[in-house]
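A short write-up of the structure that comes next.
Labels run A, B, C, D, E and F following the written order; every chain starts at residue 1.
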């Protein structure tokens, strides 16, 4: 096998791993944001959304 | 029974990341070897099968001795003993779960390690097959030891004398079958069949002995 | 439906702890063991549950529906000092496992896991790992085990240890319901359970020694 | 509730919140910069001359070496975060080293794979158990071990503290990787760029190598920021779910 | 501190039979290798030191993962954490007890195995000495893993994975010092001194890391 | 001699369990924590014992004889849900180990092992392996740990679980003696201990949720 083969495979493998990583992180972020939006919609709010009033109470 | 199997699998996955762990463990063990014997590829491929088998034995020993002890410590063993399921069957299922969670990943990972150790295709196949056939015997032997450990709180010595000497024949036939597959004069089948017979034998004796010991656990 | 103990005697170490204990419990009846620490209550319960071999005597289970050959222990639930739950699994998983593994006995039926958690007063937290619960919550969940799979006989060893007063009342209610449905109870306690009409058995410990020196 | 509690709650969540806002603003720029650097770097690495000794395969260097550097840098970042976890008990530090572990594993995997692919034509074998290669392999195993550890424990702050200890103890491996070629004589190339007496490598290769190295570094930071954001969101979601369950159980 | 040492020694004799299982495993490992390399006595004696070291490394893993877990399970760890003795010292003493009960027997058994492997007297001596100096480092490294395992419900394989990579340098220098003692050009002292340094290093880092982990893992 | 807790807050999982708990105990004073299961009693005790890091606030120990720099936990005995004894060793060995390992604090002195076993009412059986004791006997022996080495502060988590009534009275006596000798007590219980003049603190659990929804 020629050198070109090894070069191509190296770049290919690296690209693939990077693409997988990027895709996974991207999709993960999308899913988390969606879940957060759902929770927000169902009326559960972060406690710190009104921290000062909370503390005075 | 199915539920017991699932629970035990879940427990072993929960605690340590599951199947991945077995493979990782094995890789670590194998990665350590070349540091010891040096990067001599020829030598590595020669001791490869033995190393892979030793790794399997070690993996079987780690954790197996506590197969019933964890159940005893939290009281589950009492409930298990009271049920109408035959105890032998329960022990068998627990062994199966332990084998699935701890030994099977090793069997599956062994070809990869064979590659690392520069073993030939035949040797890799032979090791995988002998592991597949032989590791259940290790589990069953270990189960007897684990049951004895539960019933004799101070039986530590007995356990070690019981388990390893019994496991040695398994190891020896497993390794020699693997070598027989590569080295020409020696035939593969005889040691392999003996290995198979040992496994069958312990598949019966192991759970029987273990359940006997558990029933007699006196408190 | 009848749980019979005949002239039981048991040993711990080398000494006879008790001997010649007999009782017979029918549907809806209960027996409470009382006695000082170390007097052999837990030992007797374990003998009845089939977890310790008696030195003499035997425990039998008889009922019209099942044949007589079954071991008495198969008709029993045993709640010992330890909770028999895995700290790594969630409460839900633990209970579901015991429900399936134990199955139901002789035509009875256990309630669902969610229902059982509700009944011991911890409906909302069945998804937590068991190890995350407080001591009393753990004890309550261990009790829920008795509800998810049906057994006519409940053998309880200090069921109310670590419980707050509200949970004690809940437990007493659940036990009352069990008896009302024809169950049998065998329990050891130091605090009275607050259930009426139970027989009592006072254990004295170390037969032959205890009689003379019992305070 | 008192003032003091409100402050802890506030400082607790405000930091990650501020971090989310800030990182949200930086991320697009960082992404563009990374893409640009990659474009230049890849162009350069395919247009420069080949090495007379190593032939065309020298081009593998432009991914291999940056990935190898990054695998070590990532661990260093994790070690710094681990110090943040243990000393300042900063929640962002927890998030940082947890999010970095998979990235480190990925870069190490790239270094291993490209190294093997380079080794076959250059040394005639995919793999040898020499000190450099094995210590990188050990680094890979440590990344996987840390990931497994994080997955095995479900209390995130405890997991963070415990893995921080392990990260710090495991840091001994980094100097071993870096100096293994000097301590043991091996097949592998000794350092020629990052050394005390300045780079000894031909600028012909140095320039694309450096551009690619910067591209990889920015890629790492982009991904790291993204993963940290995900992790913060994940924690918020579980916290809110648990709150909901608790409130439901209290109401009943 | 003395009392802790004595208690731990008593416990491992009473309960685990720890020492014996370690030695038996060690022997099993060493006994299996000749199958791989065949009856070539020359080769055997050549790889002997490496095999003995690998065996010792793997045997040290057995049981080490539960160094602190048993203390946690019965609540003793709480009390140990509360005392005024510096925690580092307590960990050091526990490591010492574990080493005495589990690794020292290996060191003592190693000459016997050296004979099995047809090693020369010098090699046998060198292996024993390097084991004596090097195994404490393995214990100290393992202690970190064991401390991490406290916060895991079950340790086992995961701990070994975390620990083994760190143990590799110990193995490398232990083996190379043993070889240096036999092969002429290489001097024995440099790798041996490095091994000593590693042990000293981990004697500090190990207990420190372990106590850090213990303090952070308690709940 | 004074144990001071300042604005303690603690977390379990991700949620605050309690916040802003302060108290101060001087010689001879005691504080009893009460509250439902899961309300955070054990958590607070572990925070005071230095076994859990508080989210906020601190615990301090001050006395005239020792310098202020010592950790509060060094002045404390902690008796948790678990007994901290090894089942494989005999009671004698267990107690002797803790006596020597813990040592005595600030000039006080613990009683001998035999004496301590006597005081918890189990003088004759210190030679048995700990694992051979009944649940209540184990608990008593765990209590004897507090006697063999001196600590001014006793932190007890449900000390009387599994005890018979006589042992409860014995424990109450021992605690009274400890207080009379200038000790400090911090305990969580569901059953009243029967000791007079203690302060009480009611835990409610999950600050921020509990306030709104506490039953």
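Following the convention adopted for this analysis, a contact is a pair of C-beta atoms (placed from the backbone, for glycine too) under 8 Å apart; a residue touches a chain by one contact, two chains touch by 3 or more.
Just so we're on the same page, UniProt names per chain: A = Heme exporter protein D; B, E = Heme exporter protein B; C, F = Cytochrome c biogenesis ATP-binding export protein CcmA; D = Heme exporter protein C.
These numbers were taken from a predicted model, which means no experiment stands behind them.
When chain centres are defined as mean Cα coordinates, F lies farthest from subunit B. With angles rounded to a multiple of 5, the C-alpha fit of subunit B against subunit E returns 175 degrees of rotation.
Summed over C-beta pairs in contact, the chain pair with the top total is B-E. Rounded to a whole number, the gap between the C-alpha centres of subunit B and subunit D is 36 angstrom. Annotation: 30 Å between the Cα-based centres of subunit C and subunit F. With each centre defined as the average position of its C-alpha atoms, the distance from subunit A to subunit C rounds to 50 Å.
Rounded to whole angstrom units, the spacing between the C-alpha centres of subunit D and subunit F is 46. Looking at subunit D, residues 1-2, 5, 9, 134, 138, 141, 144-145, 148-149, 152, 155, 243, 246, 250 sit in touch with two or more other chains. Shared interface positions of subunit A, i.e. residues touching 2 or more other chains, are given as 47. In subunit B, the residues that reach two or more other chains under the touch definition are 11, 14-17, 21, 24, 28, 31, 35, 38, 73, 153-154.
The part of subunit D that touches subunit E in the complex is made up of residues 86, 131, 134-135, 138, 141-142, 144-145, 148-149, 152-153, 155, 158-159, 161-162, 164-166, 168-170, 172-173, 176. For subunit A in complex with subunit D, the touching residues are 3-4, 6-7, 9-11, 13-14, 17-18, 20-22, 25-26, 28-29, 32-33, 35-36, 39, 44, 46-48, 51-52, 54-57. Those residues of subunit F that touch subunit C in the shared complex are 12-13, 35-42, 81, 132-137, 139-140, 158, 161-167, 190-191.
For subunit E in complex with subunit D, the residues that touch the partner chain are 144, 147-148, 151-152, 158, 161-162, 164-166, 168-169, 172, 205, 209, 212-213, 216-217, 219. Note for the complex: subunit D touches subunit F at residues 1-2, 4-5, 8-9, 155-157, 235, 238-239, 242-243, 246-247, 250-251.
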